[in-house]
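We just call them A, B and C in the order they show up, numbering each chain from 1.
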């Protein structure tokens, strides 16, 4: 059905957008085969009307200018399906929160709306059909590494849920593949075994910490360093047992008692009540001397002077007990962060996930967690693993693909991918594993040959959309281009709209899956086309679920600024900003609105509280 | 791979000045991999040149699989025909390949070809081979003293080793320290007791430009070039 | 599924993804629970407080993805057993039809007494709320401005409470928590002294107004005290447990405050500083010089001419000290949300020993952080699925 052009539907949200925008000018936008004004896209009647109109126009692509609420997104999907327009040939423009509600001057808002609509149209014209879905057939087996309580809880839960837990005794040597179809090679005393598994749940083996003590001995536990709940748990259990059941005299020296875990405070209280002596150490006041198989512990206690105890056994709370999980994390492709726990700390990957889909870390492989926490994480991870490993057939859509004819095999994509989603094998081309890929676009930006396309925003489409946005009716000033990360800046922008906070109509927004998607050329191109500023708004380093987005963006901005300088453009015009999806205030400051919404919205939110807690 | 680096924009601008139609031609193999002459570098350089050279110049962009193959170069014949000059983002072989295929067109080198080497880490390339024509890596633990020693010493290091590094380029490790460590790791230190005799450097570039002729392969093509 | 905080939302989505139809009942007007009104507490980098995680859990609730969401729905009673639960739901009148409201805001523009409003700018559902007490009709006037103005016929002026009986095979309780009522500790002055607030107030204020809130709270003032363990580790207050989240929250809030307001000094008063939550160890390692740590909990807060006077025992030096502050933030602990539909609870009030077929998730079973609540949601989904498998 080619050749019928692009259709445009504009929703006025019950007519409420009409005063803020010149809707007639927008539906008369050039380049569309047919146009329609509706008032209620997100309600069943409205979407049905758009569907029947679209069928009549026989257009092969569709631009809908409405709002960004989930119901509208859903409506566009249903409408295009009903009218036989391919999904990649449709585009939804957030006219309401992204334009009408946030600009006070109707002429400027209309000019911006026209650019947004033209940009969407340019985008659908440059779109390419997505790579067909790939079928992944998990066998229902999940590899469980570790023998602690978390691993056992995970294994038991997996069994309950119809999966097979593969518990191993040996060393995981090699781990490759993608969620649903991993291959694991394990070295045991007997040799090497290989397993095909859909997911892996890994916990460290918590070292046994019960010291060798004889009944009636004097024991001191030394808890230095951070108050780890896991160390508190094992120490207090041992101390309580020795004092209560073995007739030992037990001293626990500590700085902060780490009781942040269920039941720990109660355990602490019980130990105190059972004769364990707790003495708090302060900086530099502890002295330990070994003398004839005994330890003399001298402590300066504020207000009490000096205390000296002689003990037979001194147990030190080793804070490096969990370094052993580092090697495991490396094999699993989720390298540890500097100085501690196995997974990189990322807000959106808590509490059990890692950057690699289908790889879950729990218990002592993740942090200093107690038995109770490890068990709960194990059960949570079992449920999470089910979504990728349950037996059956999963259709996975490819979010990135490699054009093997352009690929130069430089392996850059394989090196930069934060999700272990790019692979190659002897005699094979580079391949993106669809069940591992999370669509961030870091590989596409890094590829020197332009051989990787992100399904959601192929480079040609992105450039076409940007160019169309930069050209069009005047906005009353030089534009500011904002690249908005889908995880942070896009929801924050939407909140600004819902609050009707106004910012200049010269702000033009280009959504991207992650700031790591961007290259220097994307930053410089708008400047060359007359933009005043280019802003890359995304997550913080530790809230970026793709790990490297903000860091990549900072490097790209450095390069783009240098390039802008050589081109005679303003090298100081390109900036990166980090924000959270809930911090629309910060985005407002960046875009130049006064974000103090005053009493109007203050009143509203307090009412919600009243309502919620009534 | 052959590793190259883009010339400063100012040098390229000086070279390209005066031509009215320029083809910026990238290479899809070695120089793509070392981020010097792939599709994206071609695009960025073309954009920069349009900006610094202004309106008087018309710039086309293209990338071939390898500039060192006649068949690939034939694919851009039309674009080369339209151009007064071709700015090659290939290595020195590519620049000369274009010149030999299209003797009528001016070829400009956009890159400085640096060496044969590998990617040590993303963004770092190191030299590994000088094509001396008489490989002795089996005797040196797989580490080449010809390419990696500033003096190409064949029997142990010079007296200038400092903390395991080269006195000529202190940022580089001394090749002979590397060789020693590797052989020790392999338990083959006795290898070092064999003296490598003075070499005949005729097989290297010192013997003049080299050429290899393989009659067996020549029989596969019917016509003589 | 009772309760649509991070745990309930996660559990609902996880079950729906396995093809289980879920009815999610939330007593409030929007999903997200308390976490929906928390502020980002990033200082120079994210400190992993989990607010963006909970925001994403809310955001990914797609219409028609197997979860039927009922907001303003309160559970009155749960009867029956696995495979045959009957849950009685009471619907609180919202005054707006959630399925028809598009959030256009015409009603709010025209309401003469601001009685109809959107819940908050990232609310799900975004449907507006009619405050029937503020409405002119509560005073006997015949105002129908909002109903007439609504282009979609979504305003229900005569909305009344209703009840509904729903059938379920398994029940998941994710009813969350209540913050400790700080006013009960009268000596700390909450609700009595203007400069005394709780961490919940500070979270909400920062979320709602941004950094502006701080300068509004603290015009020209510079000294902030955080008092930990208010309603935690306190047998006298009947709360022996450690609430686990308040130390990290206070540290994160202090970190953000000293970044936002140059010249501000924050002092944390604590018993044992719990600093092992994700992201916190880093914050603690690079503790800004403006944050001071004092071991010892102030006994009382007095209003003096120079500010709020805190008297405390400094454990490190074993001395009794007094210090003046402009603002005192009480790090309140987590309490149970009260008996959920007659379900059994431990002495502290948190749910335990639930009958067969009923699963607890999240803070209603004991204090948890946001990431832990998300994990609890997954765990409970697994437990519910296990019950369902045993039925079939």
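Note that a residue touches a chain if its C-beta (ideal position, glycine included) is under 8 Å from a C-beta of that chain, and two chains touch if they have at least 3 such contacts.
Predicted, not measured: the structure shown is a model, and the values here were computed from it.
Central chain (C-alpha centroid nearest the global protein C-alpha centroid): A.
Between A-B and A-C, more C-beta contact pairs join the chains of A-C. Each chain gets one centre point, the mean of its Cα atoms, and the points for subunit B and subunit C are 62 Å apart.
Chain centres here are Cα averages; for subunit A and subunit B they lie 41 Å apart. Averaging C-alpha coordinates per chain places the centre of subunit A 22 Å away from that of subunit C. Interface residues of subunit A facing subunit B in the complex, by the touch rule stated above, are 406, 408-412, 415-416, 447-450, 519-521, 524, 528, 563, 566-568.
Those residues of subunit A that touch subunit C in the complex are listed here as 13-16, 39-40, 42-43, 67, 69-71, 74, 157, 160-162, 226-229, 256-262, 264-266, 269, 280, 282, 302-304, 340, 345-348, 350-352, 367-368, 373, 376-377, 379-384, 386-387, 390, 487-488, 491, 494-496, 498-500, 539-543, 578-586, 588-589, 595-597, 600-605, 607-609, 611-614.
Residue ranges of subunit B in contact with subunit A, taken from their complex: 9, 28-29, 32-35, 38-41, 43-44, 47-48, 51-52, 63, 119, 122. Subunit C meets subunit A in the complex at residues 14, 17-18, 27-30, 37-40, 42, 45-53, 55-56, 59, 61-64, 92, 100, 102-106, 114, 117-123, 126, 129, 131, 134, 150-152, 204, 207-212, 233, 240-242, 244, 247, 272-279, 281-282, 284, 315-318, 366-367, 371-372, 374-379, 381-383, 385-386, 389.
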